[in-house]
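Once you scroll down, you'll see the structures, which are given as structure tokens.
Two complexes, one shared chain (chain A), two partners (chain B, chain C).
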Partner chain A sequence: MVEALIINGLLFGGMYSLLAIGFSLVFGVAKILNLAHTAFYMIAAFLAYIATMILGLPLLLSAILAIIVTSILAMVCYKLCFDRIKEHETAVIIVSVAIGILIQEVLLLIFSGHFRRIPPFVSGFMEIVGIRVAYQNIFAIAASILTLSGVWFLLTKTKFGIALRAVAQDREIANLSGINVSQICMITMGISGILAGIAAVIIGSIFLVSPLMWLTPLIIVLAAVVLGGLGSLKGSVFAAFILGFAEATVTCLIPGGSFLKGAISLSVMVGVLLIRPEGLFGVVFEEERL
Partner chain B sequence: MVAMYKRKNYGFYSLVVFLIILMVAPTAFASPKIKIGVIGPMKFVAGQNHWWGALLAAEEINAAGGVMVGREKHEIELLKTDSNEMQNLTDAVSSMERIIKVDKVHFITGGFRTEAVLAMQDVAADHKRIFLGGSGSPGVTERLAKNYDRYKYFFRALSPVAVYFTQVNLFLLEMAGDKMKAELGITKPRVALVLDKIVVADPIVTFAQDMLPKMGMEIAGVWRTSPMANDLTSELTAIKAADAHLILTFLSGPSGAIFNKQWGELRIPAAPVGYNAEANALAHLQATGGMCDYVSIWGTFGGVKITDKTVPFFNKFIARAGEYPLSNAATYDAVYLLKEAIQRSKTLEVEAVIRELEKIEYRGASGIMAFYPRDHKWPHDLKTGPGYTTMLGLQWRDGKLVTVWPDGRAALGDKEWVGIKYEGTVDYNLPPWMITYWKKKK
Partner chain C sequence: MTYYILRIYREFLNEIVAIPGRLIAFVFIIFLFLFPLIMMESFIIRIFILSAIFAIYAASWDILAGFTGQVNLGHALCFGVAAYTAGLLNLRVGLPPWATIPAGAIVAVIMGLIAGIPALRLRGFYLSLVTLSFPIILSGLIFLFPDFTGGELGIYGIDTLSGSRILDYYILVLAMLCSVFVMYKFTDVQSKIIRVGVILHAIREDEITARACGIDTSKYKMLAFAISGFFAGIAGGFYAHFLRIAGPSTLELMVSFQAILWTIFGGIATIYGAVAGVYILYPLIEMISLNKVGEQIRFILFALILILVLLFMPEGLIVWIRDKIEQICPRCKIVNVTLRRYCRACRAPLHLERKK
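Our next item is the complex of A and B:
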């Protein structure tokens, strides 16, 4: 039982962290609460489905194309919609929800409510301490770790990463230092699109693709980002694993209540926020950033 | 010259008037059409089946001349309405209101989710429209028992009451359990109950917990899933850890699709049997990548000869819709039921049609259709069991859905089932990896 808890917790945590980190990046840098983030994840999944199952392209090529196109769409969306209204937070939230719903309805119109699938990169399963785990799930954990490492490297070891962190810390000073804030924000949006695309091609083959697939992860992503501390990438990753383990715990220990796993993991978030309102790694006051 | 001009004018205008009469006359003098509203979640497979079933029936009836009302023949006109009940129940109510008040339909068929059907039932009652609906919850027809005059317009023609398909679940479980005894020597199979947390599934848990020990089975555990669940790995892992041999399912939403996919991928050595709303469609085969092989579910249509109407309807549905007909496609029989009742009552008057529907016994594609009377605890529900609507046990095998039950044997000791086996039914098979696993474990 404990083994199942650990393995499933790692699986869910890895998956949620991939989604949460892209969301957190956009919020931290561009200060945009992009509720359409998981809708981009859904677009990437459908693009991968179209490329593999309809056009018959190889899986790796389909994945790369889906990720690139999603990234471009995210940047276009930023330029056309968010850039003009980013000073008005409420408007940004409403517009992002509207974009998400629009994407959902368009996909419903084209594909109806049928479920689709993306083939896995690796088929089959293995047994770990008596627990059956699909190879694709192990691949997903490894890909999550690799992607998170890549993001860490980008942010800490590259000039672009330094510019990005500068914008996240203080936009005005960054602007005065000669950093093109608007361009950084747009590129960050593109990176978040890439992360959503990576999540889609990996996770989409574990789950199923449908026009409603963006809603459940959105709640978990929001919970992870809030629990981890808004804008904290490290916090989002930790929080994603906490929520993943919370879900795995509920299913393993309370089989009759497994439908509550979403509610319980969100309750964990509420519980932590009551003790630490800024989240696990958030700052208490704005001045503390300096 | 002027006279010639005037004659030419008269001729021209006469021709125009004649052409107008020719265009208008067929519609002006045609019998008004019988309007039937088909309401359901049209972006989803349930609603699409509602539509296709009704459409095939309407086309056949119109091709044969229409419905005889008294001495006149009337064509059927279908109106397709998206209830959007999978996403928003309020939309279901507005859609129902619209087809009655704006589109002025005479009859309505469709409805899928219990919550939506209950609300639509109220709208139909308010406007005194006959509604041949779906859902399985006993509450839908228990309302008639409590307030017959208000709810008499509703007939549950698209599905038997949930209590019956609870029994069918157990019939299929008994069949699978017998197979386990015969092939693996397991005399007391352990059963995992996996049911969505929805109203209609609650009594099934209680019923199963009561009946399974009497059937010589043990309960390995109860898992209640969210119907919108997109991952059931944890549940499947726990089911394997509980050493379950069989899984009794009641999965009404996307949970059903992901369950079969992940069950097949992980080769969980427990055979699923029961209800899975997503698993009857050909699209399910693609969605799961063929991982649904050996999953057993119940359904209404299976390509076997329930009546002489079943196989022709089944083949026609696949040819037109490119899909297997689900239970929701019983709108085909619903439209024919309405035709029969109208013709017998010789009028479209609601009370007269209700009286005929209450006494009708119709040989449909889904079976012999008749309704329980008003003094029954579920008035206007389909009569079920041998001689009426039986449902079918189906199983995915090599990419096809085959019929495995009724298998001609007694069901839970009821000898009335002996001999009930439709032409085309095959034997139920356990998944081969499951046989290997349990033989090794011995």
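Our next item is the complex of A and C:
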């Protein structure tokens, strides 16, 4: 029981932290609250599905293709929609939800509401202290941790990462120092698309793929990002793992708990915003990031 | 006697016919009242009844988001709660519609105030996120207690409003006109008696300055949440009694977003914009979804319209038209038809030509 909780918690936490970190990056750098973020995750899952099941490409190739196409789509979305209205925060929120609904409806139109599945990277399972753990789950956990450290490396050790953080800290000064802010924002959007794509590809064989799969992660990602402090990357990773474990516990222990998944995360979010609006990690409101 | 008739006629000419916006509104109201005489088809009447309900609902969102600047992404909370309250009171207690709808509205006010408490501390993104989450939390609870709330199916078999569809139509048109008139007057910026409209505008533009001017911004924000919740509740109650069902679909994200679409399409921060947006878009989308292909693409169309309007016409269609046909006199601030060359009251030239 406890072991299952730990494995599931790590799995959910890894996936949510991949999504949350992309969301948080875009919010921190480009100041866009992109509610369509998990819709990109859904697109990547469907692209991987098309490539493997319909076109019959090998899994690794189709995964890479799906990630790249998702990232390009995210950048196109930024150029076409967000770039014009990024000064008006309400308009940005509304447009992003509209994009999410648009993607959902287009996918519903093409694929209808059936549940589908992507083949796993590695099959089989092993027994750890008496419970069965699929290799795919271990692979997913390892891959998400690897990706997270990759993002950390990109942000702290490379020149591009430093430019990106400079934009997040102060737009005008970054612009004055010769950083092309608009381009950085677009690339950030692309990176968040890549992260969403990775999450989709490694998780798509564990969860089912359907045109409504973006809503539940969206709620949890929002809660995680707020819990960790909006714009703080470290905070969102920690909060994503906390919520992942909370979700695993609730679905395991309470009967009918799967209805409450979203409600619990959102209550956590509302509570955090009311009691401690700066989030877990004490990031000063809208000032410091990472 | 003739004097009074003449006088009313004069006032009518000066206050309604001379101002194109009001003339259009007047013609529209006459059209609404005569509509069932021209078109007896019950499907179309049904669309117009729903338009009237949604007009109240969209206008109530406009008070909160347009005037006060508290962008509420979960306005379906008030709508759905009122629909459920009206339905439950009607089915379990047996109250008639004229009692359940106000009761639902009062519960919606309470919910609006609960949603409004975070508004005192949060703004911008954060407020939108919190309000977005309330309907989702509530629908989770509804699924958790299916015995009381009916679960996925909702509660059905609620009493109808009056029994006949034509009577329903007139009740709703009257209710819509009254609510919209009250909301319009309540937020009227030029009013000398009710200052709420100006104050709400001030809060939206700059809350800190408004507070520095001695306005109790918390009080007025709560007032906006309460009024908006009340009218959304009225709309929700009518919705439950008209469709005879109150289900979890009244709490969906789409319900919240439809209000936003209609209001932004018509013109934000003008009550009439929201009403016009509903009366243009709702029948249009319903007509499109009559055939098979249209039904599948209705939400795609919906999202596309929303994105395009926000990108290219952020002030809204009705405001755009109004600015084309009305011209405010630069001297005496009276509204004139753009076609006039001189102001109808003070003869000041309306269009200042550039000297060559």
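Please note the rule applied: the second predicted complex is superposed on the first by the 262 of 290 C-alpha atoms of A that agree within 3 Å, B and C clash if a C-alpha of one lies under 4 Å from a C-alpha of the other, contacts with A are read in each partner's own complex, and residues count from 1 in each chain.
Throughout what follows, a contact is a pair of C-beta atoms (placed from the backbone, for glycine too) under 8 Å apart; a residue touches a chain by one contact, two chains touch by 3 or more.
Every value quoted in this text rests on a predicted model; they were computed, and no experiment measured them.
Asks: When the two structures are overlaid on chain A, which partner does A:V2 contact: first (chain B), second (chain C), both, or neither?
Replies: neither
Asks: Once the shared chain is lined up, is A:I54 touching chain B (first), chain C (second), both, or neither of them?
Replies: Once the two structures are laid over each other on A, A:I54 reaches no partner at all.
Asks: Could you say whether A:L176 touches chain B, chain C, both of them, or neither, answering first, second, both or neither?
Replies: neither
Asks: Give one of first, second, both or neither to describe whether A:G262 is in contact with chain B, with chain C, with both, or with none.
Replies: Touch status of A:G262: both partners.
Asks: Once the structures are superposed on A, label A:I93 by its partner contacts, choosing first (chain B), second (chain C), both or neither.
Replies: Second partner only, chain C.
Asks: Identify the overlap between the chain B-contacting and the chain C-contacting residues of chain A.
Replies: Chain A residues touching both partners: 108-109, 256, 259, 261-262.
Asks: Along chain A, where are the residues that touch chain C in the complex?
Replies: Its residues touching chain C are 33, 81, 84-85, 88-91, 93-95, 97-99, 101-102, 104-106, 108-109, 215, 219, 222-223, 226, 230, 256, 259-263, 266-267, 269-270, 273-274, 277.
Asks: Write out the stretch or stretches of chain A touching chain B in their complex.
Replies: Result: residues 1, 4, 7-8, 11-12, 53, 108-109, 112-117, 119, 123, 125, 130-134, 136-137, 206-208, 210, 212-213, 216, 247-248, 251-252, 255-259, 261-262 of chain A touch chain B.
Asks: Could you pull out which chain C residues touch chain A in their complex?
Replies: 65, 71, 73, 117-118, 121-122, 124-126, 128-130, 132-134, 136-137, 140-141, 143-144, 253-254, 257, 260, 264, 296-297, 299-300, 302-304, 306-307, 310-311, 314
Asks: Write out the stretch or stretches of chain B touching chain A in their complex.
Replies: Interface residues on chain B, with respect to chain A: 41, 43-45, 48, 86-87, 196-197, 221-226, 228-231, 233-238, 240-241, 254, 257-258, 261-262, 265-268, 278, 281, 283-284, 286-289.
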